[in-house]
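Handing you this structure, nothing more for now.
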Amino acid sequence: MSDPMRIRAQVAGDKATVRVLMSHEMETGLRKDGAGKVIPAWFIQEVTAQLNGKNVMTAHWGPSVAKNPYLQFSVKGAKAGDKITISWTDNKGEKRSDEATVS
Amino acid sequence: MLKISVPLILAILSTAALSQQKSATDAIAEYRAMLADGNPAELFEARGEDLWKMKRGPKNASLEQCNLGKGPGVVKGAFVELPRWFADTGKVQDLESRLLTCMEALQGFDAKAIAATPFGKGEQINLEGLTAWISAESRGMRFNLPQAHVQEQINYELGKRAFFYRAGPYDFSCASCHGQAGKRIRLQDLPELTKNPGDGVGFAAWPAYRVSSGEMWSMQRRLNDCYRQQRFPYPGYASDVTIALGVYMGVNAKGAQSVAPALKR
Amino acid sequence: MKMVKTLALTVVTALAASCTSMPPKADYAALMNQMMAGSFRDEGIAKTDRLIQDQANAACSEAQGKSLPDAVTEAIQQAALQGVRMPSDGKFTGDWREGEKLAQNGRGMTWSDKTALPKDNGGNCLNCHQVTKEEVSYGTIGPSLYHYGKDRGVLDPESQESRPIVEYTWTKIYNAKSYNACSGMPRFGHAGLLDEMQMKHLMALLLDPKSPVNR
Amino acid sequence: MTTRRQVIFRSAQLGAMLATLGLLPEAAQAQATYNAGAFEAKTMPELMKALGASAPVESKDVTITGPDIAENGAVVPIGASTTLPGVKRILLLVEKNPSVLSALFDVTDSVDANFSTRVKMGQSSNVFAVALMGDGKVLYAVKEIKVTLGGCGG
């Protein structure tokens, strides 16, 4: 099972800055292992963000996003105490969802 | 978490850049500032804390009674006093070798087998998480290794000799790269480790998340790769020479503020 | 009055002594041997016999960065110089383009390298030296080599008038200890790290007026 | 040996299957499905074709952020933003990567059109921030990022 994300959501004016770290290999499928065998692609394809359960952003990623991905964006109108949920799905169909409270 | 905002650092850097052509070093500083907020080491810290508290191993026990030098279960402040002498093992131990002792004594793991496991595999992955979290619990504290025990003093002397030991096909020693201030390899600044190189530099910056490989490296792994680049044979995990070097560098770093786990190239 | 002063001085001296305590007495040479032998193992091409020091490495390690006694320095440098073999065909330079590739290449001789043959070794130059103006990623452990040949007035490295600087440069690459007993530079010829042709390529990089080093 | 194309194809199938079974989060279903073709595009024109977008025009209203030099190509922090109203999508591209598109963000009224992430770069390259506007316009900003060889190179 994958490790939890680290989500920080901090109010800045009339919005909240959301910073997310995800634990993922983001393997390109172009690399070879020590024995010369291609390491299969394995990467997060879709990331969604919800504010109090309502979808506010969807991102699609390719394998060139760096390992253990970082994402930063701002949610308008988010206040302290609001819930930010980040979810991802990778190309193997694995998924993970974590929540943070805006502070 | 960083206190200074990244946009602020960038603003300062870009203002400075207006007056003159940015040097490669400035550009690299800018790159590092951009990465400073959001160090993936945080992911490993979280895992390490869980591993500390989790019941695991043949004895199905947690590490919460592990004595890292400040008494059973005391984690805060332990990292900046390691390596140190431990009476129960009769040895000077660094964080990693002490964890092996605890994993064997408390959880029933085979310490020798873990030490022989390649980096990035099996229990070695868990050790990287544990060292990330334990070091993070001393973040901002200053290195203050004990030197009261005669074995701690002898280890310092041996570490110093090991540091200057030139051999192998390239005639390198640790001092080849880390014996002078203000030098670099390619664009990498090299800390001078024969004295306190400053807050959050050198010994005070490991464990660290390695950007190049996307892995968490403890000091043991850092030393292992130093010896690889030194063209030496392979140092055993938690072997005597690695502990002695830890004592030498750690004592020299007295007063340096720990930023571990840091972010490195 | 005088008594008080003396007393204060004694206290200060005692404090100073306790701060700079001497290392405990022990047979460090024996402990060191034991520690090194017990800490390393063979891995790939990197065998534990690499830990054996020759006289030069033993003396320079012992000095811990301080200068050696003149006689020791002289002996190391003489021995190094005598072991240097000049190119078998009397020609000192190869292709600077190949030299630049070698200078960039930081590989070789680690336990993760397949062989210890010169063909699998790089020159590692950029790790420690600036070489060209274009490459900004260079180390500073060694001096800058940019304009190496130009600054020394080399117009034709194979000419008679260039001979002294050319031989000096060859010697430096072959065995840097010939001129500096505790030089930090690997002994590329002496240790068999690079073959004659590879060293000639590095010579061309440094001395050929057309090389980016001299432009 | 499994090629990357096959993996993506399979995972697209899997995604479609999961969606049919109602296993994907509702929010995800509401959005456009993963456009595997766009992430396979080798060039900007190929990418625009895969996205059904018109030819991009350089614009001062779009911003690309990133370092001038990356110490390591494995992790390069870049960001894309615009303050123009009516933006639908923001893209991040690395011209010299095997596939140009790194990330695509669907903008809603609830977020700023301002996203930062970290990408891998195989070599020095131009990076692009592209904004797909509601009126069909495609605007971009470009910046060169040099990737240096760090460490001992061994």
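First chain written, first letter: the chains are A, B, C and D, and each begins at residue 1.
Rule of thumb we're sticking to: a residue touches a chain if its C-beta (ideal position, glycine included) is under 8 Å from a C-beta of that chain, and two chains touch if they have at least 3 such contacts.
Note that the structure is predicted; figures quoted are calculated from it, not measured.
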Quiz item: If you walk from chain to touching chain, how few steps can bring you from chain A to chain C?
Solution: 2
Quiz prompt | Mutual neighbours - chains that touch chain A and chain D alike | solution = B
Practice problem: Would you mind checking which chain's C-alpha centre is most distant from the centre of chain D? | Solution: C
Quiz item: Hey, which pair has more contacts between C-betas, B-D or B-C?
Solution: B-C
Quiz item: If you average the CA atoms of chain B and of chain D, how many Å lie between those two points?
Solution: 36
Quiz item: Which integer distance in Å separates the CA centroid of chain C from that of chain D?
Solution: 46
Practice problem: Measure off the straight-line distance from the CA centroid of chain A to the CA centroid of chain B, and report it in whole Å. | Solution: 28
Quiz item: So which stretches of chain D touch two or more other chains?
Solution: 69, 74-75, 77, 118, 148-154
Quiz item: What residues in chain A touch two or more of the other chains?
Solution: 66-67, 70, 72
Quiz item: Residues of chain B that touch two or more other chains: which are they?
Solution: 24, 185-188, 214, 228-229
Quiz prompt | chain A - residues contacting chain D, complex | solution = 15, 26, 28-30, 37-38, 40-41, 45-46, 48-51, 54-67, 69-77, 87, 89, 91-93, 97
Quiz prompt | Residue ranges of chain A touching chain B (in the complex, touch as defined) | solution = 3-4, 6, 8, 19, 21-23, 25, 66-68, 70, 72
Quiz item: Any idea which chain D residues touch chain B in the complex?
Solution: 66-72, 74-75, 77, 118, 146, 148-154
Quiz item: In the complex formed with chain C, which residues of chain B make contact?
Solution: 24, 150, 153-154, 156-158, 160-162, 164-173, 175-177, 179-180, 182-188, 190, 194, 227-229, 231-236, 239-242, 244
Quiz prompt | Parts of chain B lying in touch with chain D, wherever the complex brings them together | solution = 22, 24, 27-28, 30-32, 34-35, 185-188, 211-214, 228-229, 265
